[in-house]
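These notes open a run of structures that come right after.
Look at the two complexes coming up: chain A is in both, with chain B in one and chain C in the other.
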Partner chain A sequence: MTEMGETNAPLLQIEQLEVSAGASGRKVRILQGVDLALRERETLGVVGESGSGKSTLAAALTRLLGSGLSITGGRMTFAGEDILAMSAKRLQHLRGSEIATILQDPLHSLTPWIKVGLQVAEPAVFHEGLSWRDAKARAVDLMRAAWIPEPEQRMKAYPHEMSGGMRQRAAGAIALCSAPRLLIADEPTTALDPTIQLQYLDLLRNLQRQHGFALILITHDLGVVARNCQRVAVMYGGRIIESGPTKEVMDNPRHPYTRGLLASMPRLATAGRQQKRLTIIPGQPPVPGAAVQGCAFQPRCAERLERCATQRPPVFTPARGRESACWLEENTQ
Partner chain B sequence: MLNKWRASDIPALLAAAFLVIIILVALCAPLLAPYDPTFGNLTARLLPPAWMEGGRPDYLLGTDHLGRDELSRIMYGARISLAVGIGAVLFAGTLGTAVGIIAGYSRGLADQIIMRVVDAWMAMPSLIFAIFLAAMVGPSAGNVILILGLVYWTRFARLVRGEVLSLRERDFVKLAIVSGASSWRIMLRHMLPNVVNTVLVLGTLTLGVMIVTEASLSFLGVGVPSPEAAWGLMLAEGKAPMMGGKWWLTVFPGLGIMLTVLAASVLGDWLRVKLDPKGKRR
Partner chain C sequence: MSAIPPTPAVPSAPEAPSASALIEAREVFCHFGPASRRVRAVDGINLTVNPGETLGIVGESGCGKSTMAKLMLGLEKSTGGDMLVNGRSMSTLRGSAYQAYRRDVQAVFQDPYSSLNPRMRIGQTMVEPLDIHGVGTPAERRERAGELLSRIGLPPDSLKRYPHEFSGGQRQRIAIGRALIADPKLIVLDEPISALDVSIRAQMLNLLADLRDEFGTGYVFIAHDLAAVATISDRIAVMYLGRVVEIGPAEAVARSPAHPYTRMLFAAADPSGEAELPRGEPPSPIAPPPGCRFHTRCPFAREACSQSDPPLRSYNGRTVACHFAEDIDTPLIT
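Moving on, here comes the complex of A and B:
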């Protein structure tokens, strides 16, 4: 891999991204102003519970929102290019060749009646105009890199002839076929066995070292983030409420929600640190798109202030590289 | 799937055998038919079948009012019925499948417009619509294929569109989309193979409808023109002699239509059950 010039300009820059559902008359905002920046080769973990908007964010990146959803505000640039201004043709090229996606469900994400090898080779043919011969040769290499044993034989296999883990690895190989600069993995391990999960995340890290893509790992598992990501963004109610370097956020969470999330996660008792009872965050997460006046977390927050119910907290920067959208930060500025 | 025959498969087997025989007869009609179907022997008019009083052994199923051999006409009639029926099914199936896939894949406004057109199309009574079209293009076997295809493609479009709408939500289609496959490729490669079974079943079931409609058009004089030997046309021409007790001129072509349509329906029904991955439903 050639070393790319380390520039300060981020690979992906999202500013105040807003996604809404429904007709213009009765709009419901699913993403309420998301800011995000990702550098070349960086790994970002996006965590949040169901309905926090993390999958919507992933879909919005390549403008593949489900029917009824649309981007209603904000800016998104990829390598300096405005994603929102791209033509349909440009978008089709962007998907797969520059921004690749790995879907959640390995059992169903390969087309049943097309040989796996062809499915892995396809993107190289369509995005780069390679001959089928060259694309197949590349597919064999990719499948080997994705830890698929005997890739020459597997090329000719149909998806039902492979195990779930192997299918997921094949889906990974498809994603990497055209050497993308950004890989979005939306809960890539949720459907896999725990042992396969670890192996698959190792694989992703390994491939990232070899191919040098940036990775957005969407998950609800903080453990996955802790092991794999340099930075983490925590989503709640359609906003990123805290972000920063993973280790710092884990060791010293600033936002009450992140603190609650970490306290509710089981860990092994280590020397000098006694395992406490797991705590739970009381209450329910907000219904996606619910019109929130103040802070979305405020009804469940133990540390809420008076203004939390009425005024939406802006994003504060309590320390270098750290961000938190909470009024508690106001005085630390 | 097909390796174990059950007693319930017997009707389908018989139907398939019958259709194969009809198809062979149709294909080999020039070799098998004892006479030219349009040649009338005026000295042998309105002869009854051979086994009846006054019948002649060289005219096995009798002759019509122009002295044409009924058996030869039935054989050549099979040609027209099958060629028109199968041709119309292929035409309607291709057109309907293409429209259905495009509508289901694009969703949104294009889908709405296409499906409202289909609804309006289906709201027209099919036989009257067919007669109207026939009046516009004029009678000929080729035109009947065109007419039947234009009348019945909407059935295929509606069925395929429904299937494609659910396919659109399947993960393998989503993966093809996120990896930047072109729309045409997704429709042809990732969707079409999954609707082929359904189209095949509907096609077989529609074959019977096509044959009946062709016979109706020919009977009404707007389908295959005289003096060709189409079953519907033979029914029309046998109408007057039938009143005089010459039953064979309507019964044999009628039987031809009935048995062929029945065989196509039985086979189509059997295919529907056999090709359903969820096993026997209904």
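Moving on, here comes the complex of A and C:
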């Protein structure tokens, strides 16, 4: 009883993932000790600033790391199958067919000289061997489901003839064409206006309800996570430093970085020339791959202890479902 | 109900034209391109920036807010109407009056990676405005740059270094320092924080607020991040398709918006709120809809909205261009 019996087994399981850059002699770690589990149909938000490793994590999931980066440790399984042991052929099927990805910039993720309809239909031909005629019929349905008006006409349009929001919805339709079990959306709304962002996230939720895929939403925007994700993982300096149910993390953040981030967000309720200054996190985020002995956040942390500079904090479990990689949790265990 | 309610409209002078305004836009138009595909980026705007105040400008991409910034900076010429600085038309400024205007109105742009010359040391970059305007001796200029450096939170040895040695947040501080050094009356900041990391944005907002208090500089603050705009601004102007649809005190506009478009924008920015989702996307500024430009996306639109263009009028402590502001008025945040 391995696959079918374990109904509670996660769809995606990552243990102690490590990604490094450079040759073995002068290796720098971009990601380290990343643990993550995702169930079928679950929505997980991964939040972090630039250089925190969130996009590297997304690329590592389908082993699409850029040149110079390689997975140097850990385990990753998808539906019980070891991703790191997959052949090139198996990986090609996994990508796009079982795990689909939406990237930040829809202008660059669509091919400019190929009609959008063909791009939406292609995965079904490539992965499932559908005829172009059937695939195009499916593409029209998917584009309609992705709220693209007049999909029959838009099939013949080129990407530059569409607005940014519509291109991003087309990218969503492409991702869904082969009915993936997991969708990774890497900053899918960052290039869009706030109002269009909301529409897009609403669309993703809607499609998720219809198609039943699991979703990993990667973003720098805590507001996006608050609205859309059941669970959240906060990344800093190449590690997940806090994770838990979104509402609990937002209402009661445990890691000093998460707390600082939430406190420093300007709020509409304080509109008007500010009477008191915003709470800030001093300093700057670390450069990716910087050699860190202790906690990566320690130089900016107001609550640091002596050991934080030298000993890397392990992941503590302060409450059910909550995790925080901070020495302050040691006594709350 | 399609009748337009009687309104105490003030059609052509939505804001009392103040003699003391630093910058004033009077029925300003800025169109681009050939007649067949004319982009109406700014399409009849009245706006004032008073000395020492911070005016926030918000709106979706393509609404004309960056064109407005360029008009204020003299980087773009209006194709209709008049841009005034200290009561004088910008287009008539010559010689020393033009120089004074260029010194008084400075700019900070979005991308700190492309707005600093990579081959110039920070010291040269910061001193350049003083060189151009011939302020002080070279020694005094360097001294001034050194003083400012500590105010913007950079280490004292920075003057000798090059932009690539600094992070994005630090570069933006340098850009702010350069804008401030010649003691301007106004700094136009076009998306100054959107390229920065989340944890750096609050630092930058605090710095801008401190510098404003210390030097008495006014800001025009343009950003996507509505909460940031609301936090730093005295007044907020909301733009849609080349027009101002609402303008008023930041508190009033952010907490109880009167225009349906403002409601939509601010509801979308509030993570705790259940947002009223906007319909569709902004229409093209080449062919704005007839009547109220927002009626194609407005959840409250009625027949009258597609027929007559609502003028800006005073309502509930701000100025708004909506026929039915009274009917939809409920605060977003109490």
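For this structure, a couple of remarks:
Convention: the second predicted complex is superposed on the first by the 318 of 333 C-alpha atoms of A that agree within 3 Å, B and C clash if a C-alpha of one lies under 4 Å from a C-alpha of the other, contacts with A are read in each partner's own complex, and residues count from 1 in each chain.
The criterion applied here is as follows: a contact is a pair of C-beta atoms (placed from the backbone, for glycine too) under 8 Å apart; a residue touches a chain by one contact, two chains touch by 3 or more.
Since this is a predicted model, take the numbers as computed values, not measurements.
If you put the two complexes together on chain A, you find that chain B and chain C both fit without a clash.
For the combined model, the angle formed at the CA centre of chain A by lines to the CA centres of chain B and chain C equals 80 degrees after rounding to the nearest 10. By the touch criterion stated above, A:Q298 is placed in contact with neither chain B nor chain C.
Of the two partner chains, chain C is the only one touched by A:L278; chain B is not. Comparing chain C and chain B on the residues of chain A they touch gives the larger count to C. In the superposition on chain A, A:I174 makes contact with chain B only, while chain C stays out of contact range. Contacts of A:S20 after superposition: neither chain B nor chain C is touched.
By the touch criterion defined above, A:L64 lies against chain B but remains apart from chain C after alignment on the C-alpha atoms of chain A. Using the contact criterion defined above for the overlaid structures, shared-chain residue A:T258 touches neither chain B nor chain C, since it reaches no partner. Contact with chain C, but none with chain B, is seen for A:G165 once the two complexes are overlaid on the shared chain. Superposition on the common chain places the nearest Cα atoms of chain B and chain C 17 Å from each other. The residues of chain A shared by its contacts with chain B and with chain C come to none at all.
Against chain B, in their complex, chain A makes its touches with residues 62, 64, 67, 92-97, 100-101, 103-105, 108-114, 122-123, 126-127, 171, 174-175, 177.
Against chain A, in their complex, chain B makes its touches with residues 107-108, 170-182, 185, 189-190, 193-194. Within the complex formed with chain A, the residues of chain C that make contact are 54, 60-61, 167, 169-170, 197-203, 205-206, 209-210, 224-228, 230-234, 249-251, 253-255, 264-266, 268-272, 275, 277-278, 281, 332-333.
Every residue of chain A that touches chain C in the complex is listed here, in rising order: 49-50, 163-166, 193-199, 202, 220-223, 226-227, 260-261, 264-274, 277-282, 284-285.
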